[in-house]
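Letters A, B, C and D name the chains as they come in the text, with residue numbers starting at 1 for each one.
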Amino acid sequence: MENFEPEIVAFCCHYCAYTAADMAGSKRLSYPPNVKIIRVPCTGKVDAIHIMKALLKGADGVYVAGCLEGDCHFKNGNIRAAHRVAYVQKMLNDIGWDGERVEMITMSAGMGERFAQTAKEFTEKIRQLGPSPAKTAAGQAAVG
Amino acid sequence: MITAEQKPMQEIINCIAPYDRILLVGCNECVTVCSAGGRKEVGLLASALQLHFLKQGKTLDIKEVTLERQCDPEYVEELVNYMDQVDAVVSMACGCGVQTIAARYREKAVYPAVNTKFMGASERQGIWAERCQGCGDCVLGLTGGICPIARCSKRLMNGPCGGSTKGKCEISPDVDCAWQLIWDRMKALGIEKRYEEVMEAKDWRTSRDGGPRKIVREDLAS
Amino acid sequence: MEERNDIVNEPSAHPKVLVIGGGVGGIRAALDLAESRRNVVLIDKAYAIGGLMTQLDRTFPTNNCDLCTVSPDLSESGRQHRMELMPMTTLVDIQGEAGNFTVTLETAPRHIDVSKCTACGECVAKYPDWVRFTPGLDPRAPTCMRYPQATPFAFSVDMEKVEDIKALQAVCRAEAILSDDQPKTATVNIASVVLSVGAELFDPAVLDHFGGGQLANVVTGLQYERIMSASGPTAGELVRPSDGVRPKKVAWIQCVGSRGINRADVPYCSSVCCMYALKEAIVTKERFASDIEATIFYMDMRTCGKDYELYLNRAKNDYGVQLIRSRPHSIIEDPQTGNLSITYTTDEESRHLTEVFDMVVLSTGFRVQESTVELARRLGIELNIHLFAKTEAFSPVSTSKPGIYVCGVFESPKDIPETMVQASAAACMAGADLHMDLSDPQAEDDFPPERDVSGEPPKIGVFVCDCGFDIGGVIPVNEVVASVAKLSDVVVAESVGYGCSGDSMLRIEQMIREHGLNRVVIGGCSPRTHETRFQDLLRRVGLNKYLVDIVNLRDQDTWAHMDRPADAAKKAEKLLRMGITGVRKSRPLVDHTLPVNQNILVIGGGVTGMNAALQMAELGFKVYLIDRAPDLGGLARSVRSTIEGGDVSAYIADLVQKVRANDKIQVMTRTIIVDHSGMPGLFTTGVQSGPRMNYMQIQHGAAILATGAMPNRPKEYLLGENDGVMTQLDLDSVIADMPDQAKGWNQVVMIQCVGSREPGNPNCSRICCATAIKNALRLKALNADTQIYVLYRDMRTYGFSEDYYAEARQAGVKFIRYQLDDKPVVAETDGQLTVTALDPVLGRRIEIAADRVVLSTGLRADDETTEDLAMLFHVARTDDGYFLEDHVKLRPVDMALKGFFIAGTAHSPKNIKESITQALAAAGRAQALLAKTTINLGASIAKVDGNRCAACLVCVRACPFGVPFINADGYSEIDPAKCHGCGVCAADCPAKAIQLMTFEDDQILAKLDGLFERLN
Amino acid sequence: MKTESRLEKILAAGHMAVTSECGPPRGALPEKVKEKAEMLRGCVDGINVTDNQTAMVRMSSTAACIIIKQMGLDPILQMVTRDRNRLALQSDIIGAYAFGINTMLCLSGDHPRFGDHPMAANVYDLDSVQLIQTVKKMRDEGKFQGGADIANAPKMFIGAAANPFADPFELRVMRLAKKVNAGVDFIQTQCIFNLDKFELYMKQVCDRGLHEKVAILAGITPMKTAGAARYMKNKVPGMDVPDEIVKRMEGQPKEKQAEEGVKIAVEAMQRIKEMPGVRGFHIMAIEWEQKVPEIVERAGLLPRPEV
């Protein structure tokens, strides 16, 4: 797995993380292209199922990126999201996966650097963890 | 409502390990309300199980269905078309639902994915508490609307034991002393006097102790 | 909007505002007026609007491509029904007075019927000489339009050169070419005028010492912009004009033609050249090659705008741009190589130094055009000595003639954000001369009826922009398009150049019609900026606007991964697949609306807040003006005089009196804000007021943050320890109140940049240089013999305050430059203050005995207040605690939270004139918002499927705003008017009975399918 | 006399009664029972034998009572409703009575949560009040709880516990009254450390005249160490240990704390003796039975009267 390039899905809230990602772009801050963003109005919208399905469909890692604590445009969506991510992490550990494959990250709209930095760190972490067990296991076939 | 919570993942995994094709059935009643076995939990469990077996190299075929109510045969009948496509059924309903499916589809193994817990009420988002044990002979009218059978750790019928401390039960500071609650209610209702009437030993025949129970409404059953 | 070439004789019953000049300032002013329900005529003598900005490659400090940031604004203007756009038009006469002018306008013939022209380009392809425009360096640009997103997107024929009109007409399949087009004259009744005519850039060809315009590789800043621009003559390749080779060493020479005393020089500072030179240097290194050496020869680095100092630091530290303080006196060309030797001297070196460069950029500044002077004469407005429109400090956008307002560079040299602020301010003033037309319903919906696509299988069109080089320069757009063209349901897939340009939009519309498309995917820039534009495109062709998905190929792919083009291409393909699979699941949706509350909350009762409040009240809005202080006036109460000599105290007193007397303004002092809720147009803010801290709630549709800044008082240079050390503010009152004391001083030392432009507070406080000059001149006026020393790092007397800098030097004020790493030392021995500093000219340390040491301490953000308010309102701040505007360039008074505006020093340090300007701008922007009777809530609201709902109450409890309830039918109901669209309920619903529209689960999952190539 | 109970006789004679207790061993060790009981010979009027105290399995209370009875002493059979339903409870009462055991204490018992079988089913077919009723019905009416006649009905002197310090305080006297209504003969209280509060309790008891219907024996526990005092204060539900008691224990060096504990107990007994309505003491010297004679003596209650 020398050339393993993880496929990473980032659910980003419109108000903070998605804007921070745009900001990273406009500042030409480089980060791994492995990260593919799905825009949501608020991380509170991210259903645990979305995260699970992303893994099931082939993501090597998934992160949810929302506003800083106390800054949620919708009061506490980011806090809810953090709890849900923790729930999914536990569930993953329970089924013999590594809960580390999912993570909650927070940042403000102006934090282009932080977006790039966390994208790098998360990608690196997943690279260390290796490909999704769904891919490595023998006899894998298309699902759902 | 009947409350339930999901079984430990490993237990569910062990149950279905021998099978390749699973029908995962949710219920849109109580277990939906207590977020244990509604459409959403069905989706989550399905993906979790698929992920688990994918790691083992097996593609688990899971069909997800959520019935209006699993404890009614008519609804359970809706599963009939799936039965020849699956090896086993996993139910996320309470024990009633599991048994209704088992009764209808005798040739298929049915496994519960949740532990049925109690009849309870929601205290607030995400917290449910036991309220009724179905004793069959309700005493709430005597106890200010708070059930000593379901809510006192010792089912005491005649007042708090010596372990009641600051309104909490001796078994845990997280548990309210039912008799403190009853007493407060009695005072609020101005029926403190009634407390001193001894409540006689209860006839438990109306409860589970009398054997499996059945309700028959002749007018409807005919 | 229609372009009007026919005769317009408007009845006087419907007066309008005339905006002269179609640059960014004019466009902003016209848009603001139209948004606030005034009819506008926008004229420009060019045949497309856009002005100077559209010729720039990128703008500081974000280094965005201007075309991309300005084009949504231009297209916005394209849809304003209250706006008439008259290109190729000039004002020939004006009669009457404010509120009732009659103007005569003359429109030159275009020889093209714009209503027919499709901008296909056939005419140019065949007869390239018969077109007129010369953008930048090349007499024949790749297209005959001025820039790809030009508005209107039609051609213009140069009849002088046309030899055979019949032949030209023959190539035009649209039959748009008119052989006998004539000039047209119109008289229009107008209430007021906004002048936004800009200025031209100085032509350095007259300067012999810089080559007299003869040296091929000496270009002006604007020419350099065109060379770098993707739409420029070299198609975005940085090459030398002499040999087409990429230069390795580029020099910029600042202040060419500005701040000078020579023939052809102007004395004022053009204000923008330092920043644009820095930008060009950074972009050169960033976009072309980091090893290109960039050197800037400058006199003073005037990076005194918001966060500009950080940009300067980035240029120096991150990009290694060389900065040499010097004034070069000549450029000599090596005729063999075309290389250029610059000869210069510095303070430190008395001998001449010479360095060779491949290319030299002359940073030329602004000059008022002769035609503008003529226009001013026709309008009857006064000009200042530099021929710019004359304005006063306390009425910053009013010309000498009532009813005529000015904004942009014609008022004084300024950059884009300042122009935008001033444009909004001028629009606000001009609008006040004309009543808001509230009776007229907002005519917006002349879109064709929507086609019902519910029964149709998805037919998807994929259109990918190359965005000039921003996308196309990184990834092979055509290959990426081809890779997704085969996906199921994709009927058309095309690359469309600048997707947001007029012809590309037209092309997309045409394809939608031709193929009966019912879903569209646009690959381009961020949906945050461009979604509305493409949604409108769909509406124009009768499709619901929610059937389009914008795939962010630029901001989140090519920009971020320009260092890994192959990976960027792969990612682009995947992002497009996600867009395609996602859009298949999109549904037609209807927007929801609510009525707007017409009150405005102004926070801060200083000069800015009071001006904003008065202006809003004048416009007829109820204003709540609150301040936590016991009195109105703010920081300006401690300022006595402006640099021009204006009496600030008298002005403040008058302002307070006017505010107090206005019955539309409820003044609430000693008032703090304690809570806040609601949405744009319908806010509720709780305040506690008075000695008893009584609580009350204010309902308002918009808010202006004018909380100001704090005078800085760092513990430096014995400030607070020795009575002889004071700040400029202290000095201001001593001069005003105890002139006899000041008169007795023999030597005064002023130290600049105290507590600014250094670690901890890296930005420039902007106002201190002019303040120091002002006070130095006032001291000199009291006693010409007082010796005054100003120890400075860069003198930042931008614009016309350069005049006072020159005056101070003439008056004998001594200016000594110091470095950050060798700051002056102030000491006291036996009651005598001495200041020691290195004099770079003398090359040795000097010691000055000082009667007074005056520190220019500037401003710092009122961190506590802005932090509290930022938390309450959920608005953003900069790192140093100022409020952050939505877009530093184009939306400098709007905040990201719609309905909130900033003005004054809460935004960044600025002087009183600038604060008043921003106050008027904020008022203008706020009224534009409040002029809308309804507020669009969008369609992104949660919807319950009653059949699935288990009435479990999870949504009722989860909603942060308490919107869902269980209705009489026993299932959850969500009022679309109240739903904020966060989607928390949808995520938590255990029955999966709730979907958040536009972010439905099936769309999200479909995107995942697209990403992981499981298409079904 | 309702019964043959020695305790009943002592009380009837107007003496201050003294009872103590001994916990059966966790194993089939009859000599352990004998050893403990022997320590109490001659200084108490009855020996409580606990019933799976703190929900830990021990030798059955009935069996240990039989051993003590056979030593010529006077066991008091404690019976909790936690472990047995009404059938088992009644059969055990008959069995005990058959061995001459005539005094018993009706309790609900500690919750299994605290013991070594937290997974055990929690029976509670009856509660303590209902058990009192049942025992009384067996004695006075000669009938089982279910209504059938008993041949040679057991005649038990019926005791119950009361905790004057549990919450809600205002209910404590009413709950006592309820037990009185149900037919209880004597009460052994929870350990008393907060004398003021107990005094208040007793006053309310007397105000309602309950002291005339039931004999109240005040619970006394000598503390061995300051640590024990702190433990009881903080960890034992329904226990009220005032700060000054803990401080008093802590104020003594380790080796003198036991003596201080005894001293506190004796002082408490001196004061409680004077409180109207108190008819005796129940000394719970947990795993410290050897100290009981000394305490009883120092409280001036030796020798025990013969009845």
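In this section, a contact is a pair of C-beta atoms (placed from the backbone, for glycine too) under 8 Å apart; a residue touches a chain by one contact, two chains touch by 3 or more.
Quantities reported herein were computed from a predicted structural model and do not represent experimental measurements.
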Of B-D and B-C, whichever chain pair has more C-beta contact pairs: B-D
Middle chain, criterion being Cα centroid separation: A
Whole-Å gap between the CA centroids of chain B and chain D: 40
Intercentroid distance (Cα basis), chain D paired with chain C, Å: 87
Length of the line joining the C-alpha centres of chain A and chain D, rounded to whole Å: 64
Whole-Å gap separating chain B and chain C, where each centre is the average of the chain's CA atoms: 62
Contacts with two or more other chains, residues of chain A listed in rising order: 47-49, 53, 142, 144
Multi-partner residues of chain B (each touching 2 or more other chains): 40, 43
Interchain contacts (touch definition) - all pairs: A-B, A-C, B-C, B-D
Contact set on chain A toward chain B in their complex: 47-49, 52-53, 55-56, 91-92, 94-97, 133-134, 137-144
Chain D partner contacts - residues on chain B that touch it in the complex: 153-167, 170-172, 177, 179-180, 183-184, 192, 195-196, 198-201, 204
Residues of chain B that touch chain A when the two form their complex: 8-10, 13, 40, 43-44, 47-52, 54-59
Interfacial residue positions of chain C with respect to chain B in the complex: 948, 950-954, 957-958, 989-993
Contact footprint of chain B on chain D as seen in their complex: 82, 86, 108-111, 113-114, 122, 124-130, 133-134, 145, 161-163, 166-168, 171, 174-175, 177-178, 181-182, 190, 237-238
